[in-house]
Amino acid sequence: MKLIIAIIRPERLEAVQTELRKVLDENDNYRLTVQAVEGHGAQQGEVQYFRGQAIRPRLIPKLQITLGLNDDYVTRAVDAICAGARSGSVGDGKIFVMPLEDCIRIRTGERGGKAI
Amino acid sequence: MKLIIAIIRPERLEAVQTELRKVLDENDNYRLTVQAVEGHGAQQGEVQYFRGQAIRPRLIPKLQITLGLNDDYVTRAVDAICAGARSGSVGDGKIFVMPLEDCIRIRTGERGGKAI
Amino acid sequence: MKLIIAIIRPERLEAVQTELRKVLDENDNYRLTVQAVEGHGAQQGEVQYFRGQAIRPRLIPKLQITLGLNDDYVTRAVDAICAGARSGSVGDGKIFVMPLEDCIRIRTGERGGKAI
Amino acid sequence: MLALFAAEPPKIDSGGTAWMLMSSALVLVMVPGLALFYAGMVRRKNVLTTMMQSFVAMAVIGVQWVTVGYMLAFGQTAGGIVGWEPRLLGLWGVDWHAMYGDKGIPELAFVMFQGKFAIITPALIAGAVAERMKFSTYIVFILVWTTFVYCPLAHWVWSPDGWLFKMGVLDFAGGTVVHISAGFSALVLALMIGKRRDYLPGLATEGFVILPHNLTMTLLGAGLLWFGWFGFNAGSAVAVEFPVSGFSAALAFTTTQTCAAAAGFTWLMIEWVHNGKPTSLGLASGIVAGLVAVTPAAGHIQPWSAAILGVLASVVCFLAVRAKNRFGYDDTLDAFGVHGIGGLLGALATGIFCIYNIAGEANQGLVFGQTTQIGLQALGAATGIGMAVFGTLLIGGLLNVTMGLRCSPEEERDGQDLSVHGERGYHQDIGS
Amino acid sequence: MLALFAAEPPKIDSGGTAWMLMSSALVLVMVPGLALFYAGMVRRKNVLTTMMQSFVAMAVIGVQWVTVGYMLAFGQTAGGIVGWEPRLLGLWGVDWHAMYGDKGIPELAFVMFQGKFAIITPALIAGAVAERMKFSTYIVFILVWTTFVYCPLAHWVWSPDGWLFKMGVLDFAGGTVVHISAGFSALVLALMIGKRRDYLPGLATEGFVILPHNLTMTLLGAGLLWFGWFGFNAGSAVAVEFPVSGFSAALAFTTTQTCAAAAGFTWLMIEWVHNGKPTSLGLASGIVAGLVAVTPAAGHIQPWSAAILGVLASVVCFLAVRAKNRFGYDDTLDAFGVHGIGGLLGALATGIFCIYNIAGEANQGLVFGQTTQIGLQALGAATGIGMAVFGTLLIGGLLNVTMGLRCSPEEERDGQDLSVHGERGYHQDIGS
Amino acid sequence: MLALFAAEPPKIDSGGTAWMLMSSALVLVMVPGLALFYAGMVRRKNVLTTMMQSFVAMAVIGVQWVTVGYMLAFGQTAGGIVGWEPRLLGLWGVDWHAMYGDKGIPELAFVMFQGKFAIITPALIAGAVAERMKFSTYIVFILVWTTFVYCPLAHWVWSPDGWLFKMGVLDFAGGTVVHISAGFSALVLALMIGKRRDYLPGLATEGFVILPHNLTMTLLGAGLLWFGWFGFNAGSAVAVEFPVSGFSAALAFTTTQTCAAAAGFTWLMIEWVHNGKPTSLGLASGIVAGLVAVTPAAGHIQPWSAAILGVLASVVCFLAVRAKNRFGYDDTLDAFGVHGIGGLLGALATGIFCIYNIAGEANQGLVFGQTTQIGLQALGAATGIGMAVFGTLLIGGLLNVTMGLRCSPEEERDGQDLSVHGERGYHQDIGS
C-alpha cells in the first residue's frame, strides 16, 4: 500500500477528481482527503496591489491531496493526477509516494488492503 | 517509530483525545497535531439548502490527526482512535500507519524514540 | 529521498525560511509547502480571557511544513529548521523524517530525485 | 452669521428637511447593505468584485445623477418622454436656495434623495450576473442603462408631466421604476450572458454545487437593507404630502415594517413545511421579498393589507425562485425572482388594496370593488417590463458585440478578485 | 396632490415626527446589531441559529405587535391590568390620520416606535440560552412571553392607566420593562434549560473551553447597538415632552453617550488592573452595560450622574458576570449579568439621581435627600422581576413538557446551523 | 405631563433638533466604520487592537469631552487661545433647558454633536501607527492630544471668539480642525515610532509583504463612513444657518455625495490606467479621500465644484500615498496620505471655490477672481499643520521617554491581540 500526498493548483481539483473517478471508482465512490495549503517554489507569487503598490506574497495558495492506495492503483492514480492537474506552467506541483504499512477503516476495524 | 495519519469526524475529536490520553499520557501530556481537512468517500455529503434547493457538497468537513509514535504504542493508539472515532455510520474515516525514520525535537535537538 | 514533516511555531516560519534558503537554494527557489495546524503537547495553551475568566484552549496554533528532499540534503535541512524554529521554550515542535519512494513533478512528469 | 440668510424668509420646513436628508442617508446605506447581502452568497474568489458592483454604482451613478440623470428624470418634460431642462445639467442652474415644490424642502434635498434611488436600482441587477460579468462592461452597462432606461421610466411614473403619472398609475417608492425595471433587466441580462461554468442545477443533489461563502454577511446585509428601506419608503412621502414627515410617512413606515415581518415569517414557514429546514437565507429572502413588494404600495395601503401582501410576497417569490431551477437559467442571486416578481406583485397589489388614488379619491382598490386602479397598475407594470426588457436587450446586445458581456473563462475559474482587481478578499497571514 | 390633505389642518409637528420615524429605524438596526454581538461570541457551528434568534424576532413580534401586542400594551386599560380595545386589533380601527396624544406625531409613528421595543426585548433573552435552545420552541416562547409578560408590564409602567405609572414609577426607556424583564427571564430560562454539554467553567484553565469565534462581529455589533440606542433612549422623549425632539431628547442623548463612555472605560480598567489584559470584549461589554443602566434614567438625570452611573454599571455587571462562574450556571452570553443586573441598577439609580419625578416636581432623587422615588423604583423593579420570573417559569415549564426546551444532544454537538437549519455559516470553497 | 414644560415657552425648532441628534448619531457610527475600515487592512493578529484604537476613543474622549473638552473648545475665550468657563466643567452648569445660540436647538445637542468630532479625530491618527503602537501609551496620547491640540484648534477655528474664526478662515466641517490636525500628527507619530519590523517596501515585489486580512471589512467600513459623513458634514450647518436642517445642510449633503462619488471613480480609473487593476481598496480609498477633501468646503461650494474637487482629491492623495513608498516611512494605513493631504487640499479648495465668505459676501473663491479667502485658507491650514506637528512632537516625545511609544518586539511579532489583550479575533473551533 502507498500513501500519496500531492500538491496541486486549487483550480485543478475539479479536473483531478474527474480523472481519479475514471481510474479509481469501481461502483463505489473512490476516497480522498483534501486540504488548503500554501506553497513556495519556482513559481513567482501572484501579483496583488495594495494602495497602488504591487506586491507578491511569498506563499501561493495550493491544495494538498492525501490518498491511500493499494499498490496496483498507484501508477493509474499518479497518471490521473498528472492529467488533471497539469497546466504546463511553473507551479503545477508535486506528487509524493510513500510506503504505507497499515490502513484501518475506523467504522469496521478492517485492516490492510481491503480497508483502503 | 511510526507516523499515524488519521481522518476522523470533527465531532469525534473530543472523544479521540479522551481515549488517547488514557493510553499515551504517562505523567506527561501526550502529543498530537490536528488540522481541518475535507473528505470525499462513500459517505453522502451533508444535505444543505440554498434558496429552497437541496444541495450536497462533494466534500465533507473532517479532521486529520498527525501522531508520531514509538512502535510499542501503535496498537494501543490505533485502538484508542477507533474507540473514540467510531460512530458506526459510513464516513468514520481511516487510520494510515507509516514508517517513521527519524524524529527530532526542535527545542532540544534530541533524536529518535526519546524525542517522540 | 525523504519527506520531512515539521511542526513549528507560526512566528518562526520567517526564520525557518531564511535558514532553509541558505542550505537548499541553489540558484533556484527551494520548495516547500506550509499549512496551519493546531497542536497539543507539553506546552500549556496560551492564556486568553473571556468576560473576565481566564481560559486556556487545549489546542495551540502551529504551522506544519512539508518538504520533499533528496537524501543528501536531509541533515542540512533538519539543522536549518532547528536553527530557525528553536526558541528554547516548550512548544518548539517536532521534525518527522519519512522514507519517500517516489516523487513526480506534475508539470513535466519527471520522476525521482531530479523532480524533488 | 444668521444675517446671511435673513434676507430670504425661512419657508423651510425644518422637520421635513431633516427627514429628507436622513432618508437620503438611509437609502445610501442600503448600498453597502446590498453589497453584503450579495457578496455573502458568492464564493470567496468573487467576494470583492461582487461588493464592488454595488459600491461602484455609488461612484458612477453618483456622478451621472448630478450631471444628467436628475435632468432626464425630473426636468421639464420634452413631450412626456424625458426631462430636458439644460439648466439642470451639472445642477449648474440650481440655486441652493431653491425650494422643491410646495413641500418646504430645498430642491437639493430632493435631488439627493432621488439620486440614491438611481444608484441602488442598477446595483440590484448585478445579482443576476454575479461571478461572471465583465467588470468594465458592467460599469458601462449601468451608466447607459440608468440614462436610457431608468431615467425615462422615472420621468414617466414620477414626474408630474410623465404620461403614466398623468394617467394615474401609483408607484409610491418604486415598484415599477426600481424593482420591476431592475428585476426584468436582470433576467434578460442573465439569459444573454449565460450560466456560470460550474452551475449545474440538475446535479444539485449529486455534488456539483456552489455554496454561499459567508451567510453572516448576507444576514447583516439584510438587516441594513431593512434599516435603509425605511428611508426608501417612508421618505417617498415627499411626493404626496406636506409636511414630508407626516401621516403618509408614518403610514409607509408601518406598512414597510409589517409587510417585511409577515413575509420573513412566511418564507421561513414555507421552508419548514416543505424541507423541514427553516434556513437563515430563507428568512432573509422573505424579508427582502416583503420589502420589495410593499415598495410601490407603502403609502397607499393599510397595515393589515401590508400583512396580507407580505404573506403573498413570500409565497409568490418562493415559487419564482424555484421556477429558476426548473427552467435552468442562472440568475445567480435571484434578482429576478425577488425583485422582478416581487415588484410586479407589489405594483398589482397596490391596485388591489389602495385606499386612495392619485386624485385623492378614497377606497380605489379592488378590495373596495373598484377595478380602474388595478387596470392602471397593470398598465404601469407592463410598461416597466417592456422598457426593461427592450432596453436591456438593446444595451446588452450592443455591449456584447463591442466590449463583451462576460469575463474570460480563466477569470471566471480563478475568480475575478485576483484576476481582474489584483486582490484577494481574505488573507490567512500564515506566519506573518 | 396637496389638496388631498388640506382638509385636515396640519397639526403635525414635522420635526418630532421625523425624529420618531428615525428613532424607530434606529431601534430596528439594534436587532442586527444584537445578532452580530451575540453571534460573534458563539462557535461557528451555531452562528446562523444565533443570528436567527434575533432576526426571527423582527418577523414574529413584528406581526404580533400590529395584531395584538399594541392593543395589550397601550390600549384602553382593562382594570389597570392590560390594554383591551378591540378596535386596535390588527390596527384595524387606527385611522392613519390619527394623532398620538398631544405630541404632534401620527399614532402610527408611536405604534412603530413601541413595536421595535417589543421586538428587541425577547431577542435579548436568547443570549442566555444560545447554542442549545430548540429553535421551534424559541419562536413559540418569544411569542407567548411577549404577549403575556412584556405587554402587561409595558401597560403597567408606560400606559397612563397602568398602576405602576399611576404610582409614579419612572422608567424612561425601559430599564424595568425591557432589561429587567429580559434579564431575569434569561436567568430563569438558562437555569431551566441547563448547561451546554461542553460548558465546564471549573476546568476553564485546564483546557476544555468554548471560545468566541469572531470578536470583530461582536465589536461591530456593539457599535451598531450604541448607534441604535440613541433612538431607543432619546426617542423615548415621546413620553414626556412636546416637541418630541426637544430638551428631553437632547438630555437623554447626552446621558446615554456619557454613561456608555464611562462604563466602557471602567470595564477596560477593571480588567487591566485585575488580569493585566484589557480585552476588546470587556470594552464592548462595558459599553453595553452602560447603555443598559442608563436606559431607565436617560431623560431624568444629569450628565454628571450618568458618568457616575457608568462607572457603577461596569463595576456591578463585572461582578455579576464573575458570579456566574462561581455559581456555575450557564448564561451563555451573560444576558442576566448585563441586562438583568444592569437594568436593576439603572432602575434604582433613577431613584438616586432623578431631577424631576412623574409629576414634574424637581430634585426627587436620593442625592437631593428625597427617598420616595427610590422606594417607588424598588417597587417597580421588584414587580418587573416577579413578573419575569413567574411568567418565564410558567411559560418555560409548559413548553418544556410539551415541545421541549432543548435541542437534541446530536444537534447540540454538531451545531444547530447544519442540523436544524440545513446551512453552514461559512464555506471555504476548497477548489471551486 | 406636558405641564412640566409649559412654563418655558417652546422656542425649540423640533426639526433642527431632530437633525442635530440624528447627525450626532451618524458621526458616532463613523467610529465603528473607521474601526472596520482600518482593521480590515491589518493582519489577523492585530485585528482587535486596531478596532479597539477606534472604540476606546469613544470611551476615553467620550468622558473627556463632557468633563473638560467642551469647555476648552467652546467655552468663553481666554484671550482667544482656549475656552475657559468653569461652569462647563462636567457640564455642571449647563441647564438642560439651555438653548444653543439662535439655532433653536438645546445646548446639549450641540455639545454632543461636537463631542463626536472630538472622538473620531484622534482615532484617525491610529491608522498611521497601527500594528506597533503601545496600547496604554495610545490611550494617554489621544487623551492629551485631544486636550492640548484638538480643543485649542477647534476653539481658534470654530468658536466665535477664536482668532482664526475672527480673521475669516472657513472650515465648514473640519478640514483643518479634524483632517489636517489628525493627518499631520499621524505623519509625525509614524516617523517617531518607526517602521513595523517586517515592513520592507523596497522588497515589496520580492516577497516580504504585509497583506490586508479582510477587505470586506474595509469596504463595509467605507460604506458606514460615507453614511455617517452625511451627519458630519450636513450636520455642520449648525454653525451657519437657522434652521439647522435647511439650505446649508442640503448643500453640504449634495457636495459630500458628489465629491465622494467623483473621487471614488477617479481613484479607480487612475489604478486601471496605471496598473491595469482597479482595486476595491482603491475605490474605497478614493471615496474616503473625496469625503475628506470636501469636509472643509461642504457648505461653501457648489455641486459642480465638488465634482472637480473629487477628481483632484483622488489624484493628489493617490500621489501622496505613492510618495510614502518612495520616502520609505511606514504610515500603516495612510492616515497622512489621505487625511493630511486630503484635508489640506480641501482647506485650500475652499478658498478656490467658495461662494460666500464668513461675512456672507458672495463669490469669494479664487475662481471668482478673489484672492483674499485662499490666503486666509492657507493661513488656517498652516496654523493647523504647525499646531499638529509641534503638539505631536512634544506629546509624542514626552510619552516616548516616559511610557514608550512602541510595544515590545515580541508583542509586535506575535500580534498585540494575544499578547496585550489576551484575545484572538478569530477561532476556528476545530472539533468543538
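Letters are used for the chains, namely A, B, C, D, E and F, taken in the order the chains are written, and counting of residues starts over at 1 for each.
Operating definition for what follows: a contact is a pair of C-beta atoms (placed from the backbone, for glycine too) under 8 Å apart; a residue touches a chain by one contact, two chains touch by 3 or more.
Just so it is clear, the structure is predicted and the values come from calculations on it, not from any experiment.
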(message) Which chains sit in contact with both members of the pair chain D and chain F?
(response) A, B, C, E
(request) Using mean C-alpha positions as chain centres, tell me how far chain C is from chain E in Å, no decimals. (result) 50
(request) Mind checking the centre-to-centre distance between chain A and chain B? Centres are C-alpha means, answer in whole Å. (result) 19
(message) Quick check: how many Å separate the C-alpha centres of chain C and chain F?
(response) 45
(request) Return the residues of chain E touching two or more other chains; collapse runs of consecutive numbers into ranges. (result) 13-16, 18-19, 22, 198, 211-212, 275, 277, 279, 281, 421-424, 427-428, 430, 432
(request) At least two other chains touched by the same residue of chain B: list those residues. (result) 11, 14, 34-36, 38, 47-49, 57-59, 98-99
(message) Which category does the touching pattern between chains fall into here: line, ring, star, complete, or other?
(response) complete
(message) Applying the document's contact rule, which stretches of chain A touch chain B when the two form their complex?
(response) 3, 17, 28-35, 66, 68, 98-107, 109, 115
(message) Give the list of chain A residues in touch with chain E in this complex.
(response) 10-14, 34-36, 63
(request) Within their complex, state which residues of chain A touch chain C. (result) 2, 5-8, 35-42, 58-59, 62, 64, 78, 81-82, 85-99
(request) Sort out for me which residues of chain C touch chain E in the complex. (result) 45, 47-58
(message) Residue numbers of chain D touching chain C in their complex, please.
(response) 428, 430-432
